[in-house]
Amino acid sequence: MSKISTKINLGNFFEDFQIGQKIVHPLPRTISDGDVSFYIALTGSRFALNSSDLLAQKMGYPKKPLDDLLMFHLTFGKSVQDISLNAIANLGYAEVSFPNPVFVGDTVRLVTEVIGLKENSNGKSGVVYVHSIGYNQDEKEVLNLKRWVMVHKRNKGDMNGINDVPTFAKVQRISSQINIPTLSNIDIDATGGKYFFEDYEEGERLNHAEGITIDNSDHTLATKLYQNNAKVHFDDFMMKSSPMGQRLMYGGHVISIARSISFNGLQNAQWIYSINSGAHSNPTYAGDTIYAFTEVIETINHEREDLGLLRLRTVALKNCRPEDVDTTFDENGKYKKEVVLDLDYTVVIPEKQK
Amino acid sequence: MSKISTKINLGNFFEDFQIGQKIVHPLPRTISDGDVSFYIALTGSRFALNSSDLLAQKMGYPKKPLDDLLMFHLTFGKSVQDISLNAIANLGYAEVSFPNPVFVGDTVRLVTEVIGLKENSNGKSGVVYVHSIGYNQDEKEVLNLKRWVMVHKRNKGDMNGINDVPTFAKVQRISSQINIPTLSNIDIDATGGKYFFEDYEEGERLNHAEGITIDNSDHTLATKLYQNNAKVHFDDFMMKSSPMGQRLMYGGHVISIARSISFNGLQNAQWIYSINSGAHSNPTYAGDTIYAFTEVIETINHEREDLGLLRLRTVALKNCRPEDVDTTFDENGKYKKEVVLDLDYTVVIPEKQK
Amino acid sequence: MSKISTKINLGNFFEDFQIGQKIVHPLPRTISDGDVSFYIALTGSRFALNSSDLLAQKMGYPKKPLDDLLMFHLTFGKSVQDISLNAIANLGYAEVSFPNPVFVGDTVRLVTEVIGLKENSNGKSGVVYVHSIGYNQDEKEVLNLKRWVMVHKRNKGDMNGINDVPTFAKVQRISSQINIPTLSNIDIDATGGKYFFEDYEEGERLNHAEGITIDNSDHTLATKLYQNNAKVHFDDFMMKSSPMGQRLMYGGHVISIARSISFNGLQNAQWIYSINSGAHSNPTYAGDTIYAFTEVIETINHEREDLGLLRLRTVALKNCRPEDVDTTFDENGKYKKEVVLDLDYTVVIPEKQK
């Protein structure tokens, strides 16, 4: 006669969070060359800085740094079991920054503080706002992000008047200090792009040429690699009886695919400075082909003379070419059904070589 | 006019084996970080010891050791072309142990001795019993296993009265010497689990929370990574005209998925001491979602004061949640059709930190 | 109001090429252990030299060299965005050689010269002939190849009488100098093959035993890993409205699968000396099972006493076993529809150990 164990972690519910609570997420991860190869295979990423040690060394790095988004996924994935295992929806990101580069051999970990809580009026769920910081083995910050997720209440119906919503910067402030070596000597034969900071103008729209179809193995391999165990991505048996009818793709994989597609036109924008905000506006499923376009929202001069920043909006589309989408919203102000990602972020790009 | 070559290895038949025969399997393999990343991507494994060099070093290892099952697959895969290419079925395992840890950079190889032979009464096949030992580059044992497989006879109908069946230990004996550093200072924030040896009791059943759906690319990538070339896993054209109608998943992949799912509830049981026996009770195919539950068969005190052992039974299910399965056998004493793996194994787990 | 950017690289058209033009392809790539593991997982390759550092060191290498075809794909992939993004067809290869071994940690890059141009009589397209050389970080040649592709004209209808077709060697000349350490002491227990140069005879045909089914994730992961961005492989939405109706498999992946299958019978032929010519005779799609047979065209003695060369023809078949294909051409002299690859290449194989 077996006795059912209570040792299974079923994830936290809304009532389990308090403002000021600190959560040390398990699973520090030593990043390896295998992770880097996987990321290239999963996304087709072609940014040269993350591809060649020689090139990175010419640019002043000890060796090639990790793609910022790979580091994001490997670090962020650890928070799922504590924060969003019972999430109904990932509602948003803000103030995501990448303070220091990460290299193969580094060990990263993530710590989170609860910074806001709000009950939903239906009594069934609430919104949890968190601030997470990723550290490397030297306790240097490698990721700093805020996000908010809607999670189930354990006890539906209880209303306690919790309504403590933090405010977020609409756009990450640009620091005078940027942890990138002096950018001289950019080899455009190696990066594949001849355009620099001065070449871009506000309002310019890049309709990226490539489309990438994602299959079930791709996005589930990605999410398992990141040790992100959100059930909606893996459990087709469960999802078949959900309204979606199938596994939902990890939104972070869509961000990575969009970033990879944006290479064509932004080859020299090899550093993500910040993610200002992001919306997974519609679900993505296996078999969908992702396209993307990018709008230059703002060109930002920096006191460093070797680089500038571009605030960009990259929109990912499913089964629809960017040329065929003029506006992303329908007449009711809702995202069109083919728009799967609306990402506001800032990249660093070298100035023209003098 | 071409002449058909006889250089193709068609695998061994029952008549090709003799008791006492030694087989050195080809393909020594240097294990790399790429293999480790692949294993995480294929299984979603989250055991902390295999994930972080820093954590492993705090525990007394030079760096993170390989997941025991990854080492098993990489080593075991080499025996397929000599032992089981013409296998009708993998009938069982026994006395599987992991005497020494394996690290990235090690080169492993496998040697097998035939220890038993038994003709089947139908005259068409027989059972071959083997004892395989895996070695690292220093000739240290890293794997020790016995298994038996049913293989075709070359000459159907010949009966020679061969009936030499070895006996196996039902459960691997626990040695007083265990090659694990002294387990002090377990960081439960890093491992993600707060339960230790003393917390588990015999008869306790853990219904693991996660389910993982496996697609064709997942299990075929796994099996190719292990250089296991059993045709049933790869050749859909051949399998379409078999009773199965499609590619059969490598049973070892199901073991790994079940072990990965068992993390939730057994986070600190980071070492497999032995596999006592295992049955692939029903086939698994692409699209199946694997769930698992684990029963604690026995709690085993060890003379070392820092650790104990748990003899576990992990049962993997397809397309059926563990809560919905009370017993694994039907009224005729046969495995229910949703039960795909019945694994009896022993793990090492730290005692509570004093 | 957004302004459509002209910064998107839409690839070169026939008019963009001139004879003598040199193209430095972007994306130097530092090759990692992750790439090697991926290649094994994607192809199931079992050549021992590329699998074990210990074995490679016994043979005189500093460590295991890269599989020649993996190096080919990683280097060749870089040329797609400049040469064949608008290709209608990859028409052929010639004089492909592998002058020096490549190791994990090396950084490879590719440079191409246009050596021929020919307008097609339809006025819509032309053939571009190129000579590409891959270099490692020490500027040593690691790949040398010629190929020709049919590309679209930008301005259909213009005819300029361009007809400058180079000639190619039918078979790569064998150099007296071969960059392989002295082959003594071949360990057939490790390589898995007992046949040496002297054992093969002209006209011998090896019907390889294994078949491998390829799924969409496999070939798209491969092609993304190689940073080859040819749209036909990735964009199912686009391909659904093409005559093919689905994504086309990268022909290089078929070469690798065929080479992997050819292991059984050619275990000691661990070095590709040259690819003399290759035809992708029919398309391959996800779900196809690849089989292969190999004919020994010529046995080539070399002045080195430790090795010889075999000129081989490996034919890959889809959904058809090699035993069931006698000739590869139909009564009209066209490739039978099940023949997907006809590869003429030369391998190095040790002579019998004296």
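Odds and ends about this structure:
Chains here go by letter, A, B and C, matching the order in which they are written, and residues are numbered from 1 within each.
We adopt the following convention: a contact is a pair of C-beta atoms (placed from the backbone, for glycine too) under 8 Å apart; a residue touches a chain by one contact, two chains touch by 3 or more.
Please read these numbers as outputs of a predicted model, since none were measured by experiment.
At the interface between chain B and chain C, two copies of one sequence, fewer than half of the residue numbers in use appear on both sides, so the contact is built from largely different positions.
Its C-alpha atoms fitted onto chain B, chain A is found rotated by 120°, rounded in steps of 5. Centre-to-centre spacing of chain B and chain C amounts to 36 Å, using the average Cα coordinate of each chain. Annotation for chain B: residues touching 2 or more other chains are 32-35, 37-38, 215-217, 221.
Residue ranges of chain B in contact with chain A, taken from their complex: 32-38, 40-46, 48, 51-55, 64, 189-193, 195, 199, 201, 203-213, 215-218, 221, 264-265, 267, 287, 289, 291, 295, 319. Against chain B, in their complex, chain A makes its touches with residues 1-5, 7-10, 24, 26-30, 32-35, 37-38, 81, 107, 109, 137, 215-217, 220-225, 227, 229, 231, 234-238, 247.
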